[in-house]
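What follows is a pair of complexes built around chain A, which joins chain B in one and chain C in the other.
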Partner chain A sequence: MVALVTIVLLFLVALCSPAIVGTKPIVCNYKGNLYFPCLGYFNPKWENPIFIKDKFRGVYPRSLKQKDAESWAVWPLVYQDPYRRVKADEWHGVPSSREMLDNPVQNHGKPSAHNFFGTTPYGVDVFAGMVHGTRIAVLVGFVSMGIASFIGITIGALAGYFRGWIDVVLSRLIEVVMCIPTLVLILALISVIAEPTVWHLMAIIGVTSWTSIARLTRAEFLKLREMDYVAAARALGASHVRIIFIHVLRNALAPVLVPISFGVAAAILIESALSFLGFGAPPPNPSWGNLLHLGQDHILGKMWWLVLFPGLGIFLTVLCYNLVGEGLQEATDPRLRQAGK
Partner chain B sequence: MLQYLVRRMLWGLLTLLLITFVIYGLIRFMPGDPALLKLYQESSDKKITAEQIEQQRKMYGLDQPFYIAYVKWLGDVLTGNLQTSFAYKAPVSSVIGERIGRTLMLTINSLILEYLLAIPLGLYFTARSSRLDERSGSMLLFMLYSLPSFCGALFLQLWFAVYLEWLPLHGMQSDNYEQLSTLGKTWDLFKHALLPVAAFTYGGLAYYSRFLKATMNETVRQDYIRTARAKGIGPLKVLCWHAFRNSLIPLVTQIGLTLPALLSGAIILERIFSWPGIGTLFFQSILERDYPIIMGLVLMFSILTLLGQLLADVLYAFVDPRVSYK
Partner chain C sequence: MTEPLVEIKNLRTHFFTDEGVVKAVEDVSLTIPRGKTLGLVGESGCGKSVTALSIIRLISPPGKIVSGSIAFYDDGRKIELTTLPEAEMRKMRGSRIAMIFQEPMTSLNPVFTVGSQIAEAVRLHHRVSSREAWDRAVEMLHKVRIPDAQRRASEYPHHFSGGMRQRVMIAMALSCNPKLLIADEPSTALDVTIQAQVLDLLRDLQTEFGMSILIITHDLGVIAEMADDVCVMYASKVVEYAPVVELFTNPLHPYTRGLFASRPEPGKPKDQKLRTIPGVVPSPLRFPSGCKFHPRCAYAQERCKKEEPVLRRPNLSQIPPSHVVHCHFAEQIEEQEEAAVKSV
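And then the complex of A and B:
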């Protein structure tokens, strides 16, 4: 239960990340119009071009006041940026009594009241990076497992439902893919792409991790296709596609959720491992693995916050998905259910 | 049984062919040309002529389309020749052979540790089922199981090597390794291997003890265990003698499945600890576009995976008389 709540929380954080930390206002009134510059964090194109034309250069508080004295804005909860170093004079709300207001660089960026999780050697706020990194973590888990479940369920369903030579061919295919060392294949695939982005990563993880889903779906279909209701549906003249996807799949779905849930955890793990190894999305992207990579590069600088916080983030997320998977397994596996009593 | 083995072997060979063909095609499509890379390294100031490039490409066998080059590679492999590494200018088999021992030193030690620790832990938790110490212990194991090895490795490095300075941060030998006595050399190696082995071990330890506990929980409910208890056999003997022997079956077959992980699991951790083994070699060869080495390693990983699965199935039939492949 706690795990489920945490995952929902993670989703919320990912969805609201620009409203939690950022340097772009959530809503602002500029020259009589309302804008939502914070959407630029989701996609740079969603940031209204007027701000580029008016030479804001990404620094909103000062520019807004200078260019339009009437303007007002609603700011994110914390004024920090996941991409760049925030300077002292940017934010007018900071009390002037503090001596050093620029984000600290090198290994001076210990966690403080201004940088909750410290800063990277380049003065970028780690907390901002972590919050915006949840977007990648959540996306990777869902997009790659979406692809994997689509492939896995289709192949498993076809093999289990039709049996015969289709089953033989598809089962062999599953076996062959299972034998390919995943990490080797992923690294080879990534090296082929000249400029890998997060989306490439997700697709690659998706197409390499569908085997366990396919196997389980096949087993479920083998069992369910003999049920009376399938025969009844067939007698009523339902087509194969309808029987597979409407009647049988709905009943097979609960057990299939188990490998999907574990798969989400594995996908997040692979993504962060790849970013950590420098094979992932290019560094300005705030991903937990990238932060961890920085932490390893500067490990001799004793910057514990660069290792601890992203590491904990990855760990907790993987733990939660594993717990959910475990819970689902207990709920769907009759042998384990007996054990509980 | 023999027929089954032969069939499995044939399928395995076919799978191998498919895997190596796909990977060979993929790496040939990687951006970057090893021939150019090589020439740039050799002549930093001189201009490189198109002729030189052509010559170098011919030397590496890059002038042919990949499927022809693949057939050539396959032919070489079948005669026991894994071709020559671009970067090391030595036969691939000797380059790999030189490093495989270092990787095995980590993985075999950690595998032994995993089993040595996981079996008593699993038994203990079965015995103390549903009590407070079992619940907290199981939760701890689950957390260890979910802690990605590279995070764990970094935490270990940060704490033991950077803050406490008890152990070296990375590498396999100290700088003054050559001057040390035999005992000193062993001690030095031990110190360097301690953190990587720990990082390797904890995940597997958590996995195996949870695995053993799950199978034991199932065995303990069997009728013959109740019979044994009814006969008045002590709880310790029932657990360790009657129940454990039957829970051993899945545990033994797991060994086969861990075979590929012995080498490929090292890829990430070796990189973190700069351990000069197979994993580091694999990374370097991908970055340097050293095709023969990549192919040699892929071949090795795939063979191990297939052998591991076969071994698991055969062992299963061997230890459990109820299973037969007819």
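And then the complex of A and C:
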């Protein structure tokens, strides 16, 4: 239950990240029009081109006041940016993180009232990076497992339901794919792809990690296809497709959700591992793995916050997905629910 | 004689397993009259369920209908079920032919409410809104005498007892007004009192809906209560076929006689053992030669080991023409038995 709440919270954070931490206003009135510059964090194209034309250069507070005295804006809860360091006197009372870095006696980028989780060696706020990094963590988990469950459930269902030669062929396919070392394949493919993005990463994780889902689905289908209600549904004139995807899958779903939620956790781990090795989301993108990557020289050194906070984030997220897997199993199975009462 | 609804001629259904060909149904011919009930009796593994599954074409590989014909008469049209394309067959299932199974505990999908399962059956064959289908489901639950049908329709199968679930199955099977209901041991898994209720219900619904029933059972009591005609099967073959009263008064085949003799009767001394038919059902992979019943038959003779009998009308004056038997010596056995009864 706690785990589920945490994951929902993670989703909310991912969705609202620009409103929590950022240097772009959530809403602003500029030259008589309403704009939502914070959407630029999701996709640069969603930011209104007027800000580029008027040479804001990403520094909104000063530019807004200078170019339109009448303007007003609603700012994120915390004024820090995941992509760049905040300059001095950019925002009330927030000192430039550069200054802190330059002054080893005083601070050296340590966690402080302005930088909750410290800063990177380049002076970028770690807290901002973590908050914006949840987007990638959530996306990687869902997109790659979405692909994996689609392939895995379809193949497992067909193999388990029809048996015979279809099962033989598909089972061998599962075994072949299981033999592929995911991490090495991803590294190889990324070196081939000209401009790897995080989407390529998700697709590759998706198409290599469906085997456990397929095997479990197949096992469930082998068991469930012999149930009398399958015969009863056939006797009522239901088609194979209908029986597979409505009658049997609905019963198989509870156990199949477990490897899926484990898979989400595994996908997040793989993405972090790749980013840590420097093959993940390309560097300017904030991701937990990228922060870890920056911290790899400092694991036992002075900048412990670069390792501790992203590491803790990954650890807690993976733990929560594993706990939720178990919770889902209980929640989706009416028989278990009955037993719990 | 009423007109037939289903006419099975020389049906053979075989299973091609690794150990050899299992001839589960051999040369079975029978007729299900319109609006009447045909009872199919026999031991486990005698081919009665496979016969039923052949009609609804739910034999899955390695099983196959090898030869024979199953004709279904629908509104004056004759439909040959053995060669019907699968898509057409699917339309027949549920809307013309429906089936209920032995195990009410597992025949309902545990993750859907009973109402939605009946409604689904309706929507498979009729273009109706989900609201109408649901109303139909509630109406059907009401018809199978489930109290408080409106509320219970939205409950899950595990809220229902065995007898209630079998009623739900019946409601589901009848939701599209099928012409033929195949009931595969519908009462075997139920308590005796519930059995009677379910059978009563089936009979009442038969009168209301005017469908034919093919009831499969090994319980002669169920046959006596339900069937109009009875077909006794042994080792993949029909051994005796007669109207129910006729069969109960004049069982002719030694196997049928054995079945009747092995029924417990009240009043008999308790220490007297029930009579059994000696031996076991032969394995379908290694059927005996000649008459398949001869190793267990008290009247078996040399001819029975060599020559397979045919299903024929016995040459006995008191037997009506609708009574056929699969035995070389039906007449002689009948005379012997009558003599034995007279001498006592």
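By definition in this document, the second predicted complex is superposed on the first by the 304 of 341 C-alpha atoms of A that agree within 3 Å, B and C clash if a C-alpha of one lies under 4 Å from a C-alpha of the other, contacts with A are read in each partner's own complex, and residues count from 1 in each chain.
Just so it is clear, a residue touches a chain if its C-beta (ideal position, glycine included) is under 8 Å from a C-beta of that chain, and two chains touch if they have at least 3 such contacts.
Please read these numbers as outputs of a predicted model, since none were measured by experiment.
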{"item": "Chain A as common anchor, with chain B and chain C clashing or fitting", "value": "fit"}
{"item": "Partner chain in contact with A:277 - chain B first, chain C second, else both or neither", "value": "first"}
{"item": "Chain A as apex of chain B and chain C, Cα-centre angle in degrees (nearest 10)", "value": "80"}
{"item": "Touched partner set for A:222, first chain B, second chain C, both or neither", "value": "neither"}
{"item": "Contacts of A:175 with chain B and chain C, given as first, second, both or neither", "value": "first"}
{"item": "Touching partner for A:14 - first (chain B), second (chain C), both, neither", "value": "neither"}
{"item": "First, second, both or neither for A:183, with chain B first and chain C second", "value": "first"}
{"item": "Chain C versus chain B, contacts on chain A by residue", "value": "B"}
{"item": "Which superposed partner A:73 touches (first chain B, second chain C, both, neither)", "value": "neither"}
{"item": "Superposition-derived minimum Cα distance between chain C and chain B (Å)", "value": "15"}
{"item": "Footprint overlap on chain A, where chain B in one structure and chain C in the other make contact", "value": "335"}
{"item": "Footprint of chain C on chain A - complex, ascending", "value": "164, 227-229, 231-239, 247, 250-251, 334-335, 338"}
{"item": "Residue ranges of chain A touching chain B (in the complex, touch as defined)", "value": "172, 175-176, 179-181, 183-185, 187-189, 191-192, 194, 265, 269, 272-273, 276-277, 292, 295-296, 299-300, 302, 304, 307-308, 311, 314-315, 318-319, 322-323, 326, 335, 339"}
{"item": "Chain A partner contacts - residues on chain B that touch it in the complex", "value": "11, 15, 18-19, 22-23, 26-27, 29-31, 142-143, 145-148, 150-151, 154-155, 157-158, 162-163, 169, 217-218, 221, 260, 264, 267-268, 271-272, 282-283, 286, 294, 297-298, 301-302, 305-306, 309"}
{"item": "Interfacial residue positions of chain C with respect to chain A in the complex", "value": "56, 58, 61, 90-95, 97-103, 106-112, 120-121, 124-125, 156, 158, 169, 172-173, 176, 182"}
